[in-house]
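Presented sequentially are two complexes of subunit A, the first with subunit B as partner and the second with subunit C.
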Partner chain A sequence: MKRKILRVMVEVIAVALALAIFGIPLSYVVTNAGKTSVEAAQMSIAPAAETRYIKNFSEVLATSNHMLLRAFLNSTIITVVSIAMLIGVSSMAGFVMERRKSRAISWINFLVLAGLMIPPAVVPTIWVLKSIGLYKTMLGLELIEAALAFPFSVLLYRGYLGAIPRELDEASFIDGCSGLDLFVKVIFPLMKPVSATIAIITSISVFNDFVNPLYFLPGAKNVTVQLTLYNYISQYLNKWNLLFADILLISIPPLIFFIVFNKKIVSGMVAGAVKS
Partner chain B sequence: MKRSSIALAAAMALLTVAGGFAADRQKLVWLQWANDGAQKNLDAIIAAFEAKYPIDIELEFKPGSAEGENLVKTRIAANDMPDLLSFNSGSLFQVLNLEKNFVDLSNEKLASRLVDSFKSTVSVSGKGVYGIPYQPIPAGGILYNKKVYAQLGLKVPKTWKAFIANCEKIKAAGKVAVIASYKDDWTAQLLLLADFYNVNVANPKFAQDYTANKAKYASTPAALRGFEKIQEVFTKGFTNKEPVSITYDMAQAMLASGEGAHYPMATWVLTSINQNYPDKINDIGFFALPGDSADKNGVTLWMPNNISISKTSKHIDAAKQFLDFFVSPEGLAAYMSVSTPDGAFAIKGVKLPDNVFPAVKDILVYVDANKTAPALEFLSPVKGPNLPQICVEAGLALKTPAACAVEYDRDVEKQAKQLMLPGW
Partner chain C sequence: MASTTSKIYSYKFLLPAAVVYLIFFIVPTFLSFFFSLTIWTLSDWKFTGLDNFRIFLTEPSLNVGLRNSLVYAILTCGLKVVLGFLLAAFLSANLKTKGFLRSIIYFPNILSTIAVGIMFSSLMQPSRGLINVGLAAIGIQGPDWLGNPSLALLSVAMVDVWKGVGIAMTIFIAGIMAIPRHYYEALMIDGGSSFHKLRYITLPLSRSSMNSVIMLAFIGGIRSFDLVWVMTKGGPGFTSDLIASIIYKQLQGGFYGISTAGNVVLFVIVSLLAVPMYRFLTKAEVDL
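And then the complex of A and B:
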């Protein structure tokens, strides 16, 4: 009985802590998003004297000729296309690297790992993009985002494929599958959980990316959601209320995404962790 | 080389394709800070310019922090600068290799309109003019609440002693005498940086000797005073409680409401105070940071940021036309039609409207009497990256002023060596 009480107490404390750690900053953002710029500048967690969410939200939406709407569109396109490219390429690469054993594969494996470890350089990348005419285009940025997430995705796919028995490949060949058929009809559908994990994790990091769009996609019309945050802060003048309102607006899509796919993330992360 | 020419050709092809839609109007792209306080004023200049000439201006925004600097450097390295750029004047601008990357304007008519002290901050060792002033001249000193002064019957102090005496009275009245907003650590430097007029009066060759590694903060009593002043306001109990949890924005609220009487800051804060407390802006006055002698009282001026033209621009003539319009009476009239400027312009023969903020009028008294000096960072390329943190240490009495000065001298040394200055 005593033990049970203790356990309940620990649980209550843990939940309270989690609420404090995640809830306070969030409520801070939410309350400040509804204040006037004067009130928000005081950086207090106290509720607003008069809430003006609608006014702040519409002001954020109207900033710089409705820049935010364009940013939402751009970010969504970039996220969807780069995830599609990433999953297509890295699942095939992971499949081949897992199944084929040769010396070349160990070298390729080394290169993929190098991609995880060596940080990307900005200026040479811009040179490359310019020389193939992809600089300042959405396609250029989508390729970069896909390339940056490629090594990690390949590792995840390889780990997962280890749990899919080779006998399946052999059986498919006996039944008359070609190599491509095997991948498209048998293997890829089996990898759905890990594909979902990769899609979720990378789509959030791509959607929330700040640095890469800043450098590789300059131009007034090429803005992405994170870049809109800079409309409200500078060294000498801040509009905290609008900044927080913008944060709220741009965190809605990832939030919905996360809530809907929450279960898939966990199942995908542990998929392939235990080999049987 | 070959690759870059291919890239250029590709870029040109893209540009011509894009230009095909714009018909006979030229388009200039201006890489500008996001959320500039005077953006509406600049928009007014752009609108007036577009109405007069067949040229359109498109703004592209960059962040204001170090991220923005990196972005500019990256785009220069990638040979991809927009036509126009706004950037800091002085030592930060010099790093961009002006002769190679930007158009020299010294032979243009507009150069003759610029004030000489500004020109020196956008030239390479005295040669060339690579930018025009983008905003009014900010001045550093003490912003004070006039209502508090009137209530307590205080006079604007001309010496540090008088200032301390005023602070004692304000403290006795239960108010914060000196607002310290060390949560934004850059604000801690203002007492030191704005004190440079006094350093310069006591020691006119300081900037020169400092650059040549002959003078040091620790060994020059007048320069050391800056650190001492930061500490003195704390040890005498004039600052607010918990300086490290007060931000720049909170400090403005304290000053505007009269909860605090003095705020060591530069006048760029006025736009922000006017945004948040428009009914209080007329209560705010300005005086120069007091020195030790009443008849040698003057103000330290920052130099305005600048707009420059990239050498890689395809429309250099159009860009020159824009800059010429910007500094012309017509352009400035458009600027002032939106709101009053928060300082004098670094352009000759500009008359400010009568309804400028009272604090700006206070500055003009010093400017008209020619009692001004540029801040040290515009006279010497030597400025250490850790000054904000060191000033906070002085301001919380974690270290003695002398120890802070020694630490800053060491901080500066690294940077001077990186710039490969002679004598270091």
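And then the complex of A and C:
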């Protein structure tokens, strides 16, 4: 009985601490996003005198000729295209890298592992993009995002393929499948779960990415949601209510993903971390 | 069979990957070694030897980044490891609220870094911000978290830990879950306490997840850019500049050679520290 009471007390304290450390900052943002800028300037966590979420949201959306709508469209396109490229490129690479053992493959492995650690070289990448005419284009950024997520993604595919027996490949080969048939009709469909994991995890990180758009997609026309949020810091000059309203709006897509795919996000992240 | 292997698993499958990964990652990395030795306008370059590195490592406004990045990486990594491990050990126990606790601690990871930076810039406001108001309520006068030169970097590091500790915790939980129950049962029979469980079973047998957390957090910390950029822009003065923020400032200023030299410095640090660290850590791993 005494143990039980102690246990309940420990849980109550833990929940209270978690709410203080993680809950208060989050609810602070949510509450203040619905205030007037004068009220939000008081920086209090008290509820708004009169909530005006709709007003604030529409003001944020209307800023600079509805720039945020443009940004939402751009960020969505960048996320979808870069993930499609990433999945295509890394599933094929992972397939051969897992199945074949050779000196060339171990070199490739080394280059891929290095990519997990080494930070991308900023100016040389800009130079490469400029040389092939892709600097300040969405396609350029999509290719960069795919290239930077490539090592992590290949590791997940390789790990997953290790559990798919080779006998399957040999059987398909005897049945007259070519390598491409085997991959398209047998292997790729079998890897669907891991493709889904990669798509989910990478979509959140690409959608939330600030650094790469800042480097490789500068310019007023090429806004992404994170770039607009960053630009609004100076534009809104202490109108915290609008900044927070913007944060709420652009956090909706990742939030939906988190709620729907919670388990997959966690398991995929752990698999990636442990394999590396 | 060898010919069949090369037929089925043709290197052609690697071609698209080679194009994307080589052109957009490997080639720029190799180019950085060359262009770091030049005065570079992007259309033209002039060889200057090691001048850029000399400037990067001696100019006080630039070499502060080196020290700050190391402090930042070690501090955030250390805290994420310690707190992440303790949280994971606590939340692996049989608690009714563990689902809720795990979710709320993990939650900041789905927010963007910019959003988190803005949020804490507001919370850390010196006079009205919620943190100092809270401290004042218990009689402590809070500092100017982001305006005090000796504190700004540490404040940003704390926010980084707030955002990232959930990932560390999640990786540790997976590691702890993989520890066979019978080790604990044996210890219970021998009369060990909860502290003994933590110290002699959970801690040593979480080595491999600890290695992952250390590597991820350290490399993440040393490369870090966005949180500092949105919260302090490297200020006050240059006191919270990191290598990555200096690389960006030099890029903005048009000093492409110096910016690239910064990238090479980062490359060297990561290789010098991370590779031996990875070797050392994996050697100390224990099989379950």
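Just so it is clear, the second predicted complex is superposed on the first by the 232 of 276 C-alpha atoms of A that agree within 3 Å, B and C clash if a C-alpha of one lies under 4 Å from a C-alpha of the other, contacts with A are read in each partner's own complex, and residues count from 1 in each chain.
Note that in this section a contact is a pair of C-beta atoms (placed from the backbone, for glycine too) under 8 Å apart; a residue touches a chain by one contact, two chains touch by 3 or more.
Since this is a predicted model, take the numbers as computed values, not measurements.
For the composite obtained by overlaying on subunit A, subunit B and subunit C cannot both be accommodated without a clash.
By the touch criterion defined above, A:W240 reaches both subunit B and subunit C.
Legend: residue contacts after superposition of the two complexes on their common chain; A:L68 is shown touching neither subunit B nor subunit C. When the shared chain is aligned, no partner comes close enough to touch A:A149: not subunit B, not subunit C.
With both structures placed on the common chain, the touch criterion links A:G219 to subunit B but leaves subunit C unconnected. Residue contacts after overlaying the shared chain place A:Q42 against subunit B and subunit C alike.
Between subunit B and subunit C, it is C that contacts the larger number of residues in subunit A. In the superposed model, A:I126 lies in contact with both subunit B and subunit C. Of the two partner chains placed around the shared chain by superposition, neither subunit B nor subunit C is touched by A:I187. Applying the stated contact rule after C-alpha superposition, one finds that A:G179 touches subunit C and leaves subunit B untouched.
In the superposed model, A:Y230 makes contact with both subunit B and subunit C.
Overlap of the subunit B and subunit C contact sets on subunit A: residues 41-43, 122-123, 126-127, 130, 214-215, 230, 233, 240. For subunit A in complex with subunit C, the residues that touch the partner chain are 11, 14-15, 18-19, 21-26, 28-29, 32, 41-45, 85, 88-90, 92-93, 95-97, 99-100, 104, 108, 111-112, 115-128, 130, 132, 143-144, 146-148, 150, 154, 169, 173, 178-179, 182-183, 204, 207-208, 210-211, 214-215, 226, 229-230, 233, 240, 243-244, 247, 250-251, 254-255, 257-258, 262, 266, 269-270, 273-274, 276. The touching residues of subunit A, when paired with subunit B in their complex, are 37-38, 41-43, 64, 122-123, 126-127, 130-131, 133, 135, 214-215, 218-220, 227, 230-240.
Against subunit A, in their complex, subunit C makes its touches with residues 4-11, 13-14, 16-17, 20-21, 23-29, 31-32, 35, 40, 42, 90, 95-97, 100-101, 103-108, 110-115, 118-120, 122-123, 125, 128-130, 133, 162, 167, 170-171, 174-175, 208-209, 212-213, 215-216, 219, 223, 225-226, 230, 244, 247-248, 251, 256, 259-260, 263-264, 266-267, 270-271, 274.
Of all the residues in subunit B, the ones that touch subunit A in their complex are 3-4, 6-7, 10-11, 14, 29, 33-37, 58-65, 67, 71, 74-75, 77-80, 186, 247-250, 252-253, 268-269, 271-272, 275-277.
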